[in-house]
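Common to both upcoming complexes is subunit A, partnered first by subunit B, then by subunit C.
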Partner chain A sequence: MSICIKGTGIVSPQKTFHDGGFPDEVVEYRGIRYLKCIEPPYREYIDPMTGRRMSRIVRMGICAAKKCLQDAHVTMPDAIITGTGLGCIEDTEKFLTSVIRNGERLLNPTPFIQSTHNTISSAIALSIKCHSYNSTYVHRGFSFENALRDGIMFLHENPDSNVLVGGLDEITDHSYLIMSRMGFWKRKPIDNLALLEYGDRGSVPGEGVSFFMLGNRTDDDRNCVRIRASDILYKPQSEEYITLKLQQFLAGQDAGGIKPDLLLFGLNGDPRSDSIYHNIHNILFRDCNLAYYKHLCGEYDTSVTFALWLATMILRHQQVPDVIKLKAFEPGEINNILIYNHVHGINHSFMLITRC
Partner chain B sequence: MKELIENLKNEIIESLNLEDVTPDQIEADTPLFVEGLGLDSIDALELIVLLEKKYGLKIDTAEEGKRILYSVRTIAENIIRSRNP
Partner chain C sequence: MISAVGNDADEVFQVLKTAKTGIGRISLLETVHTDELPAGEIKLSNGQLREMAEMPARYPCSRTGLLGLIAARQAVRQAKIRDMGEFRTGLVSGTTAGGMDRSEVFYRSFLDDAGKGRLRDVVTHDCGDSTESIADGLSVRDYVATISTACSSSANSILYGSRLLKSGMLDRVIVGGAEALTLFTLNGFNSLMILDRNICRPFDLNRNGLNLGEGAAFLVLESDRIAKQEPSRILCEVTGFGNACDAYHQTASSPDGHGAWLSMNKALMTARLHPGDIDYINAHGTGTQNNDLSEGLAIEKLFGAEIPLCSSTKSFTGHTLGAAGAIEAVICVLSLVNQVVFPNLNFNQRMNELHFSPVNTCRSDVHLRHVMSNSFGFGGNNTTIILSVYGHEHLH
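Coming up: the complex of A and B.
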């Protein structure tokens, strides 16, 4: 299934919306409850008259998608596929608040129209006049993984195509409060770079928009990175089962199996969910370099896209930023990266990313 | 009338999020839709909600909408007329 990543575009709480690799400067947030994106210069990508009705996530989505097209040197994709856990939650909240306040009468149409989960992929299509296949997956912690799977299937059926696949989610005060009550987030404000040092329950929520241009081949071999394999596990019964499935996943990629040069795991500072990452590292990959990323982008349903972007940058530039290093770090060539992430212990996913 | 027209211009800019437009740029008699300010059908819906909420002006049919929402002046005239039937 090896698929080439021809280009990327990302808006995140870090300064990632630029050309090149990982930003030189890491943004540290002190005393925060959630991580919000650093917004791109919208006017360079969206006509103000068109963008006036768009919410923040729609604008960020269009900017990231256009950046991805530029990076891949593709003007018109053959498909646009997105994954999102909560979609345009800000507009959904606006619409529902207005339903309650106005007694279900005199409702403004814009938040309603813009509140659907597929607003972003549609807005991207409209902004570049793309009339091709357009789809959105809303499967909580598997939203991006299923969008990716659809993109890969599209490329099997249309081998010469370019498919724009993205994952996106936004954080709002309301969604933060509701999920705080459910015990997902830490009770006190934190410093993001110290995320793993707190030891109490909960993580820090975040947000982000990432797009990837996928194709079967690329003209630029120097920058070529491939998604060699991916798999998902829904509500696995035990850690032993996850370990077994991960072993099978790696063994299935090559006759002798594959030993990753770097592990990029989704540790999020909640001891309830992080123990599995440490256990798998100890059991299967004791001497392997381990890195993490959610202190930079926060936890959200499609946060694995930040890991995929990070893996792409590491493989392209052969540099592992110090801020993500966690265990057993040895310098050396990096040809294979294993991404393992789970969302609330329910949606587990593996991705093997390699250099061409 | 003049004060109402000025208020309407500000409210249209705010409710339709016309970031680059100032009240001075909206002529009272210029058409709001298509060739004038360039508003579209969703803007029309937003204006209908605004006028009913703020001024109690109800627009019941598409024909009435076209006539009333033609310009800032036609909106203002209809608001005054609805107050003094």
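Coming up: the complex of A and C.
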């Protein structure tokens, strides 16, 4: 396969909405229950009259997509494909609340219109008048992976095209409360940079919107980063099976297999979820540099897109930010990065990202 | 498939032939609109659906998930799949509101007190949950995906599944969609003032909106290599698919139907067919002023003076949103296999802007080789599928 990442645009709880690599300053959040995005300057990307009626995630989505188009020097993509676990949950909650509170009478349709999961991909198309292929995937921890698979197939079918692929999810008070009751989040407020130090159950939720421009070729070899391979694993029966699949995944890429220079794993501070990452590091990659990222963006269904953006920045700029380093850090050239993430032990995702 | 016109494909076929609608008074969904808004409701309780789906009581499952599992089990049985592990097999499902039917129950208690509401009723909220319930029920392991592009969701499942096979990633893929009737969607469409208070009249001069419905449908797609091993199981072939964005308005279709024309044209191109090859169009035909005009004009633009037979079967099933594309694809399969075109109910008078009328009686004097199914969604997410009798290349 091997697909070029030609540009990125990302809104996250870090200062990532800018040109260039990883931000100089890491944002530390103290005593928080969830991480929220630093919102971009909407006015520069959306007509204020139009933007006024849009929800936060739609506005962030359009900004990140437009930033990505600029970064890739593409004006009109040949496909727009998004992945989102919960979609426009804020408007969904708003409309559901009004249905119940108003006894099904006299309802404002705007939140209903914007509650559909494809709102963002179609709002992007609408904002740039793009009539091309347009789709939205909504499968939990596979939402972005489903979208990426579509984008990769699209590039095989249409080799000269540019495909805009994104992952997005938003946090709301209600979704936070409900998922807390399910035991997904930590009971007490935390400091994000100390996420792995608490040791109690649960993670910290977050949110983000990331877009990537994918193509088969790039004019800019210096900055070129490739998605060499990606695969998913649904409800694997054991850790041994995951380990085996991961080995096969790497072996399938090259005659002799690939040894990653950096591992970017989805540790989220919940020991129930993190043990697999440590075990795999010990079994398969004992001497390999291990990094993590969810203390910067929080846990959400499409958080793997933050990792993909980070990997792109690391490969482009050959710099690993200190704040993500976890184990065995050796300086040296970084030519390939293995991203491994899983959501609730159900949806497992592997991606191999390399320099061109 | 399961829908308001029958609990499996055979039942649906019998009802479609008799031209009897499944749309009527809502009796199971607890809504204040029962006397005002008819819908294509499946008259089975969640308990009855659970039994049909062979879903144990201990597992939380939304009505959407139950409908989906029932339809998918039927498809797997009909395809005579004995061992799900025999080939690399995936499941792709489309839905718009997912497990909203249970979330509504949860939210009533939760809104009064954030500590209240049974979690069992909300763990099935997200769209992926129903897909995983179906995948687990069928023991599908190799690939799962869920699509939500509003009313074209499950048409895009068929498109995505076909491409997964073509790319060689899978050998077999079960594609379709599921949607339960919910207060959320009923009130959503009602707030947009596009629900007909009577039974819908697609493509009629006096059409006055759509009726919602619920249901699920799945199809088993196989790569040519696998399917050929047992050709007697082959019902028809997915030959074309097109996806385009109208990019006109968040909910309304463009007046000239540009996006609809694009998706139909793309489908013809992937199928390598000419407009004249299409023998029947199962239209999106919701019955709203906007859709039927926009779609009708796009059909005229593409097909010119030679408009194929055309009907909207939403007048039987209601608009099943995320499931509509798959339900109508299965109806197209029934049409191809039985060489019959089902009518567009309640059509009386041609629209002023159009030069064609939909088929309004059941037609068996037809020779169907290629049929087209349209599904158009909010946000201008338009998808067209073309199904053909198997081995059509030899028919020319």
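Observations on the model:
Basically, the second predicted complex is superposed on the first by the 356 of 356 C-alpha atoms of A that agree within 3 Å, B and C clash if a C-alpha of one lies under 4 Å from a C-alpha of the other, contacts with A are read in each partner's own complex, and residues count from 1 in each chain.
Here is the rule we use: a residue touches a chain if its C-beta (ideal position, glycine included) is under 8 Å from a C-beta of that chain, and two chains touch if they have at least 3 such contacts.
This is a predicted model, so every value here is computed, not measured.
Of the two partner chains, neither subunit B nor subunit C is touched by A:R217.
Applying the stated contact rule after C-alpha superposition, one finds that A:H131 touches subunit C and leaves subunit B untouched. In the superposed model, A:H18 lies in contact with neither subunit B nor subunit C. With both structures placed on the common chain, the touch criterion links A:R286 to neither subunit B nor subunit C. Contact with subunit C, but none with subunit B, is seen for A:M153 once the two complexes are overlaid on the shared chain. Look at A:R272: by the touch rule set out above, it reaches neither subunit B nor subunit C. Here subunit B and subunit C are compared by how many residues of subunit A each touches, and C touches more. Using the contact criterion defined above for the overlaid structures, shared-chain residue A:M49 touches subunit B, although it does not reach subunit C. Within the superposed three-chain model, A:R187 lies out of touch with both subunit B and subunit C [touch as defined at top].
Annotation: subunit A residues 107-109, 113 touch subunit B in one complex and subunit C in the other.
Note for the complex: subunit B touches subunit A at residues 16-20, 38, 42, 45-46, 49, 52-53. Here subunit C touches subunit A in the complex through residues 31-33, 96, 98, 100, 103-104, 107-108, 110-111, 114-115, 119, 122-123, 126-129, 131-132, 135-136, 141-150, 156, 160, 163-164, 167, 169, 183-184, 187-188, 190-192, 243-251, 258-259, 262, 377-381, going by the rule given at the top.
Across the complex, subunit C is touched by residues 80, 85-87, 92, 95-97, 99-101, 103-105, 107-109, 112-119, 121-123, 125-126, 129-140, 142-143, 146, 149-150, 153, 156-157, 174, 177-178, 181-182, 232, 234-235, 346 of subunit A. Remark: subunit A residues 48-49, 52-53, 102, 106-110, 113 touch subunit B in the complex.
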